[in-house]
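We call the chains A, B, C and D, going by the order they appear; numbering starts again at 1 in every chain.
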Amino acid sequence: MADIKEIIASRVAKELKDGDVVNLGIGLPTMVANFLPEGVDIILQSENGIMGMGAAAVAGAEDVDVVNAGAQYVTVNPGAMFFDSATSFGIIRGGHVDATILGALEVDQHGNLANWIVPGKMVPGMGGAMDLVVGAKKVIIAMQHTQKGKHKILKECTLPYTAVGVVDMIITEMGVMEVTPEGIVLTELHPDFKVEDVKEATGCELIISPDLKPMA
Amino acid sequence: MADIKEIIASRVAKELKDGDVVNLGIGLPTMVANFLPEGVDIILQSENGIMGMGAAAVAGAEDVDVVNAGAQYVTVNPGAMFFDSATSFGIIRGGHVDATILGALEVDQHGNLANWIVPGKMVPGMGGAMDLVVGAKKVIIAMQHTQKGKHKILKECTLPYTAVGVVDMIITEMGVMEVTPEGIVLTELHPDFKVEDVKEATGCELIISPDLKPMA
Amino acid sequence: MINKVKTADEAVAGISDGATIMVGGFMACGTPEILIDALVRKNVKNLTIICNDAGVPGRGVGKLLSNGQIKTLIASHVGLNPEVATRMNTDVAADKLECILVPQGTLAERIRAGGTGLGGFLTPTGVGTIVAEGKQVINVSGRDYLLELPLRAEYAFIRGSVTDKFGNTTYNGTTRTFNPMMAAAADHVIVGTCEIVEMGEIDPNNVVTSGIFVDTIVGGEKQWQI
Amino acid sequence: MINKVKTADEAVAGISDGATIMVGGFMACGTPEILIDALVRKNVKNLTIICNDAGVPGRGVGKLLSNGQIKTLIASHVGLNPEVATRMNTDVAADKLECILVPQGTLAERIRAGGTGLGGFLTPTGVGTIVAEGKQVINVSGRDYLLELPLRAEYAFIRGSVTDKFGNTTYNGTTRTFNPMMAAAADHVIVGTCEIVEMGEIDPNNVVTSGIFVDTIVGGEKQWQI
């Protein structure tokens, strides 16, 4: 089996269309940019103030005034733009970002998302996540299906919400799931797993699409 | 007697301090800039998007992309800035304009102002006036004391308000008046008039300052 | 990359009778005349126009007014175009103009709210005046504010000074006006611009309107003249 | 014209224990280190700091935190500075940090509201979460929004790339961040800038922050480095 993160990132990449404005969360989501199909150019938005973010900067050739939201030196593409934080979140909240891809601690069958706080333990703050998942046209959760065997896809989130009813799609190493009014629908299954495996790894009822396809 | 408008404009100019950010209404208020005392440099804000507006442009040397709020070609001073209308009114509403000087149809003893509409007759719209008088730190009404003998300074405005309780000072060809919680106080009297003249030309009680000075 | 550059007539081809259109500019300075002219040629009617003012006869939205295309005008000031009063007071139903006056700062902020996903904002402007009629008054820290709601439109007509092929746009001098807010607040955004350049030619620090907002670019906009 | 150019120590001389200070920047990129350093030297305590994040140890507001100067931090993200957790959980009352977390877009917009005279705004962000606790929910056109209130401060620490002697300022690359909103939302605004130029040297089309907001200019800010 290929690297789990690459499986997820490469599948997420297929959800993006040419010309989409996309905000990628830190970590796994960042890898998505490496797997874009040919002919698909996306425009990366970085919430610290870039439209048209490019690749990581080459060591020694950095513009020290240009970093991404993880405070790493990056480049910008021709046609890029810098802006302030109010403008950045105006773009995000205003529905001008086509897709945001980020990780989760928990997602539930209502599309509720928890990814910013573990009370009494981890209180990093929500950063821009609450605005991103409320504002982006499509919210894709890219994560490992379980956390060391513990369910992350649940009937109801147990952790405080990042936002309610915002998740459109969940992509894990086991498959692709869509959040619908009826519940979570498995639409694609990774060849390394059986439907029963995914059901067992999921903490809520999993609707199996009559049109279930292999994940690729 | 000197030109009435010049009398008013030159007295208004004395209210401005070096470094003040000032928005001048169209007409008489625009003349104020010509009477600034030596050593007093003000920064003119034009609500269509200029901070640091300069004099009218010389014919033949206009920058055709630079006009004032009356759509006349103007220059800008070194250190000027152009901005959009949301930024312009953010500056205005945010209390960053030290003084706005504008005319009135009516002002009353509570500092209420009416200067944008005569129902059934003149409906030009409020433009930026409602924001300016609410946002500016000091609102100075510069106008002729009466309209062809008809009172303009009243107990209560009869026309629809531009804003309530916003006027700080009224400067006319007859004198200088301050709006206080007790009512309108005449603080300066033009030498061409007697107190009784001003009282007669005023439609509300006029408190005479115990420290009444000649207007100059 | 998608080619956004079209002719003015192609750019307005999809606009139907009854459409709502935001038009940038202040007394026609900052209004894309090239797009207005195309809309006059197309001669669609019953438009709702959102613009700072009514332009002047023969300039800006004044052309649409003269041509009888505007049913409703949402603006802050209409006093410098005498045709507004004529059309507001006419007895000819087909020519009658509805005019909704909004304080200039409130108009700019409502359009900004429409483009930035805000549900509204509280402003002290208009409290105690007829502008407050029918609006919710909310007291914050002892001061009354009006709750003003966002404005959006189907189309926005934007006037650029320099625009790259992605749509990134700058505005020279006082042509900026309402253009940046409108570019974010409409479903279809058309930029009439003076100069089209390649991507990368505008310093990313100086771009005012992002190309992500722009659907169509029309070159050939002329320099403004009184 | 008033001379606004001072040394960093002169610029912070008036700041007292318990002051509220907005600090620009995002993970210290866009934070005026020269002003932070002066504030560390002055060693005033019990500060309320409003900043996107807690910087990192040895960078940005992280320096104030390490030096025990912050009583309350209003920020959107503090996870990349481990000292925050340590100080939030300490039993030593004098070292204890209160941390108020605000969604990043809401923080930016609250500061903008503080500088532009708005009484608040309606945002969909945070509806249904603990961020909504204690806040008024207002429904507009069938959607719930939180009423968020403006934020202001006594001081703002702004980082400029180029600043003219009037205070007009530009920001290079991603140093812009919260600086433009904060410059309008504080009683006393201090710009730590990389380069001071004469008035007129910055193109009026490209000025981002107007000098009318700026009280004090301090030169000598260094280029940012990770």
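Some points to look at:
We take it that contacts are C-beta pairs under 8 Å (C-beta built on N, C-alpha and C of every residue); 3 or more make two chains touch, one makes a residue touch a chain.
Please read these numbers as outputs of a predicted model, since none were measured by experiment.
Shared contacts of chain A and chain B, meaning chains that touch the two of them, come down to C, D.
Centroid analysis (C-alpha atoms only) places B farthest from chain A. Between the CA-based centres of chain B and chain C the separation comes to 29 Å, rounded to the whole angstrom.
With centres set at the average Cα position, the gap from chain C to chain D is 33 Å.
Distance from the chain A centre to the chain C centre is 35 Å, each centre being the mean of its Cα atoms. In chain A, the residues touching two or more other chains are 82-83, 89-90, 92-93, 134-135. Shown for chain D are the residues that touch two or more other chains, namely 109, 112, 117-118, 123-124, 171-173, 204-205.
Contacts between chains form some other arrangement here, matching none of path, ring, star or all-to-all.
Those chain pairs judged to touch are A-C, A-D, B-C, B-D, C-D. Contact residues on chain B toward chain D in their complex (touch as defined above): 18-19, 21, 41, 43, 51-52, 76, 78-83, 89-96, 134-135.
The touching residues of chain C, when paired with chain D in their complex, are 109, 113, 117-124, 138, 140-141, 143, 145, 147, 149, 170-173, 204-206.
Every residue of chain C that touches chain B in the complex is listed here, in rising order: 26-29, 52-53, 56, 75-80, 85, 88, 99, 101, 103-109, 111-112, 123-131, 161, 171-181, 208, 223-226. The touching residues of chain C, when paired with chain A in their complex, are 1-2, 112, 115-118, 164-166, 168, 184, 198-200, 204-205, 207, 210-213. Chain A makes touch with chain D in their complex at residues 46-50, 63-73, 82-86, 88-90, 92-93, 122-131, 134-135, 160-165.
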